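Take this structure first; my questions come after.
For clarity, chains are labelled A, B, C and D in written order, and residue numbers in each chain start from 1.
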Amino acid sequence: MKQIQDFKFSGYKWLNYSTYILTLKTDESVAGLEPGNFAELQIPDAPGVFLRRPFSILDVDHKKNTLSFYIKIVGKGTRQLGKLKLGDKVSVIYPLGNSFTVNGTQKALLVGGGSGVAPFLLLGRKLKKHGVDVTFLIGARTKEDVLLTEEFEKLGKVLVTTEDGTMGQTGLVTQHSAFTDDFTFDKIYTCGPDPMMKAVARIAKEKGIDCEASLENMMACGIGACLCCVTETIHGNKRVCTEGPVFNTKELVWLI
Amino acid sequence: MVDLNVHIGDLQLKNPVGTASGTFGFGEEYADFMDLNKLGAIYVKGLTAKHREGNPYPRMAETSSGMLNAVGLQNKGVDYFISNIWPRIKHYDTEIIPNVNGSTVEEYIEVTEKLNEVEGINAIELNISCPNVKEGGMAFGVSCPSAMAVTEAVRNVFDKTLIVKLSPNVTDITEIAKGVEDMGADAVSLVNTFLAMAIDVKTRRPVLSTVTGGLSGPAIKPIALRMVWQVYHAIKIPVIGMGGIMNATDAIEFMLAGATAIQIGTANFIDPQVTLKIMDGLVSYCEEQNISKISDLTGQLRNI
Amino acid sequence: MVDLNVHIGDLQLKNPVGTASGTFGFGEEYADFMDLNKLGAIYVKGLTAKHREGNPYPRMAETSSGMLNAVGLQNKGVDYFISNIWPRIKHYDTEIIPNVNGSTVEEYIEVTEKLNEVEGINAIELNISCPNVKEGGMAFGVSCPSAMAVTEAVRNVFDKTLIVKLSPNVTDITEIAKGVEDMGADAVSLVNTFLAMAIDVKTRRPVLSTVTGGLSGPAIKPIALRMVWQVYHAIKIPVIGMGGIMNATDAIEFMLAGATAIQIGTANFIDPQVTLKIMDGLVSYCEEQNISKISDLTGQLRNI
Amino acid sequence: MKQIQDFKFSGYKWLNYSTYILTLKTDESVAGLEPGNFAELQIPDAPGVFLRRPFSILDVDHKKNTLSFYIKIVGKGTRQLGKLKLGDKVSVIYPLGNSFTVNGTQKALLVGGGSGVAPFLLLGRKLKKHGVDVTFLIGARTKEDVLLTEEFEKLGKVLVTTEDGTMGQTGLVTQHSAFTDDFTFDKIYTCGPDPMMKAVARIAKEKGIDCEASLENMMACGIGACLCCVTETIHGNKRVCTEGPVFNTKELVWLI
């Protein structure tokens, strides 16, 4: 069940100058959630920010009653959210959206770019629990933007591409040799910039395997009421906040 | 005990607080957050005769104290509503009011005739002010003769309470209000969104797929309030006020300006429980000010 | 080096950034904070034929991302302006553009004729959109025939650049824009403020002495931007855009939508140096985007 | 000359639950100013606050480069201004407005209510410097609202009225016996709520002495450009921010 709950700022872990992990704590218990779910945060005292902001749930701790988020600063809201002080209150609506499916998967490739890696921690854990062989493929502009790899290494193999060649293979994520070497994955999960996800979906189509993409459309309500966040699917417009954010790319009407 | 009842046409609403069409889905979307039975009314998402896909994405943009939307009346059509959605929501102990749309007068009539047959639907809101569709919508609401024509046509096929939703994108909203009153509307609701626009300077493209969209939220409140005040003084039927109401103070302002009831739109997105808070705030205000019937607030703006 | 020059009628402005009438006094009020010579233009406070006291206090209210004003054209009259104020400000190396008002067509003519004689005054802005006066003002600007009549009358007695300032309180602003273009206006400026209202729920009275006032500030920007875009596509003469511009990004949005030049109003109250910052921001944007002439931005909105 | 200058938050002194002295510091030198002058503060990160807010200057320290303000919380801006943190920047436009006149005064009564006492510290000091005999008469609802008396006692005699009788004489400020006992003041200065100032002005008129009142009209620009803040005078509407805030009450068209 969706809920609205007041959390308190509990801490940051800054990963680089523009990316941080935000942890929020509540006195009540944290609701159960699934990999792929997201939350809508109301950013306190944020001048110029009117609506809530959606973020994937990076991690949840049911003992400590915390939720954490992996946030990349891209504008006024994400900047302000990086300036919380102890005791600041953040209202959170969660868990929202559907989640990744894991049924039947044996060998999964998780392809993420930028803040798109956020849902992969919970997804990686779930896949591992289900005995799935997990490989993370992370694309970034440069070394400094390749984050969370330590966490991912606990769950599977981690491959990296950087555009400037400072880490892993040089180039775009879709140029990684994982896609050309003997390719034995039976499922791709992807989250990140649209062009990246489209390229990944194209590869999945070529290989004839399933691909699930987590979309980041602009949202107003986040709970299915406003119909602002739709994406075109073969069954008509669907709400990314409700029927998504995770879609099987076969369903999406992407010009790929 | 403050008496919160208000009357709109043949309806008696248990309190003046309703939710604005298009911002509250079919109510169900908010059921996890609140007891829907507490609402005075739920104005559900705009309906058309046939299934509509609405406009392409992107459909929204945030603005200073507001937002633009260009949803464009995406809905599965009135038949689907009546056979699939209505049965799921009709049990709620609140007035559920469909929002009726059309590209032509015939379409308005078609949708209305079908709703007229549904037991439990006691009122419709005739939307002649949607700025996000190419044909019909706002075009009807910005010209007095066409607003009157569509109201008259719908009035002829609808036996229950008829609320006409007005567009703020006009020179003189009182003229349109008077016109639809003359054609038999039982109430008017105002305002719908303001035609507006956003541009992304990096790409030099409009933010919305449709270039323009409708502005809602607190940004428009001072204009909406003025219009409610003007219309209240121009007509005799009740006015349902909306436009940027975020809290009880805003709601009271609209009632003092002349609203019999109010609708909460964009505020639901920020706080899905805002309607309950507004109800509580209305009660507190009435208690503090020794008002025993909330309907006594309507139009009670004093002279400066 | 980015070429910031823009052309409005016979004027060559050194850059597109001007200050909006009524928000920048006669310029002098800001001289402590900035070098006025850097401005593209200063549109000075509205003038009438005779001294006017304006409306009673209270004249302002803060709103979400905006403000209401009901100043009501307080000024000492055009003669006082010409003999006492103009001599003090005429030396500034910027285009100083008086804002002309009237309750009747005759008054507009009287003010204009006097300004027409003043050497150094190269343009006027004809304000047919003031929402804060009982007679004239906006009444001229919301009806196409009267907007055309006053424009024609003023055009007949004015030899220099005639800018007509349009009201946003209309159903179709393009109709009025086309009308005044046909009557010989050299440019249009838009938008003036939106007729709006605020209520104090404690006293249950309007906040403004005049009940309604004019809404300005970022709240109105999305609507103003839409109107500039519409008008740009409807007429051939230049458009001067304004309404809630707070920074260079906003200014660029207006230029992309079709503005040749822009005016900064309410933003001056919050930051008296905002115009300089906007100029710097325009230059940076042009440099980043490899634009050598800022006038190349006008109307360059791409398709979605 | 008016200036716009960035200050940094330097400290609070909370006088009661809703009143504080705010001190701001700049790296540059603080401009010269006169008693009665005010400043327009831009409240940083204040959601819902659009315009600057005007406040009388309570004190200035040209050695430490500080300005201080005596602020009563009445709404969102004054609340937010009471939540600054070290390092927070506040943009200040000052000095604004005219000032009290002291010429020829021998025995002055300074009548203040609420935050209206703010300009009296600088005024009291100036009067004392000019050899004027100074009496402060402070009206408040209750004892807890009578503030700054220690400061004022350094400059002259301090009289108090409280509505609930918890301090000084009981009643309104204008009911104080100072007005009935042999009255030898030759000038009244007043600042506070409008009804109080009007009552004080009426007394001054009866006594046939000059009275200067500092008005607090709603302001948009604070620098004379917008004409929002006017008050009606016998010479027509005048701008409170420029021709005021201090007016000789003889000039004001008050229905008294």
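Things worth noting here:
Heads up, the rule we're going with is that contacts are C-beta pairs under 8 Å (C-beta built on N, C-alpha and C of every residue); 3 or more make two chains touch, one makes a residue touch a chain.
Given the structure is predicted, the values throughout are model-derived calculations rather than measurements.
Considering the contact criterion stated above, no chain is in touch with chain A and with chain B alike.
Computed from the mean C-alpha positions, the centre of chain B lies at a distance of 47 Å from the centre of chain D.
Mean C-alpha positions place chain B and chain C at a centre distance of 34 Å. For the pair chain A and chain D, the distance between mean C-alpha positions equals 55 Å. Each of the following residues of chain C touches two or more other chains: 61, 63-66, 217. Residues of chain A in contact with at least two other chains: none. If touching chains are joined by edges, the resulting network of the protein chains shown is one closed cycle, each chain touching exactly two neighbours. Here the chains touching each other pair up as A-B, A-D, B-C, C-D.
Residue ranges of chain C in contact with chain D, taken from their complex: 22-25, 29-30, 32-33, 45, 53-54, 56-67, 69, 71, 74, 217, 266, 268-273. Residues 61, 63-66, 68, 142-143, 169-172, 194-199, 201, 203-206, 208-212, 215, 217-223, 225-226, 229, 244, 249, 252-253, 256-257, 285, 300-304 of chain C touch chain B in their complex. Residues 45-47, 80, 85 of chain A are the ones that touch chain D when the two sit in their complex. Interface residues of chain D facing chain C in the complex, by the touch rule stated above, are 1-4, 42, 48-52, 91, 93, 217-232, 236-237.
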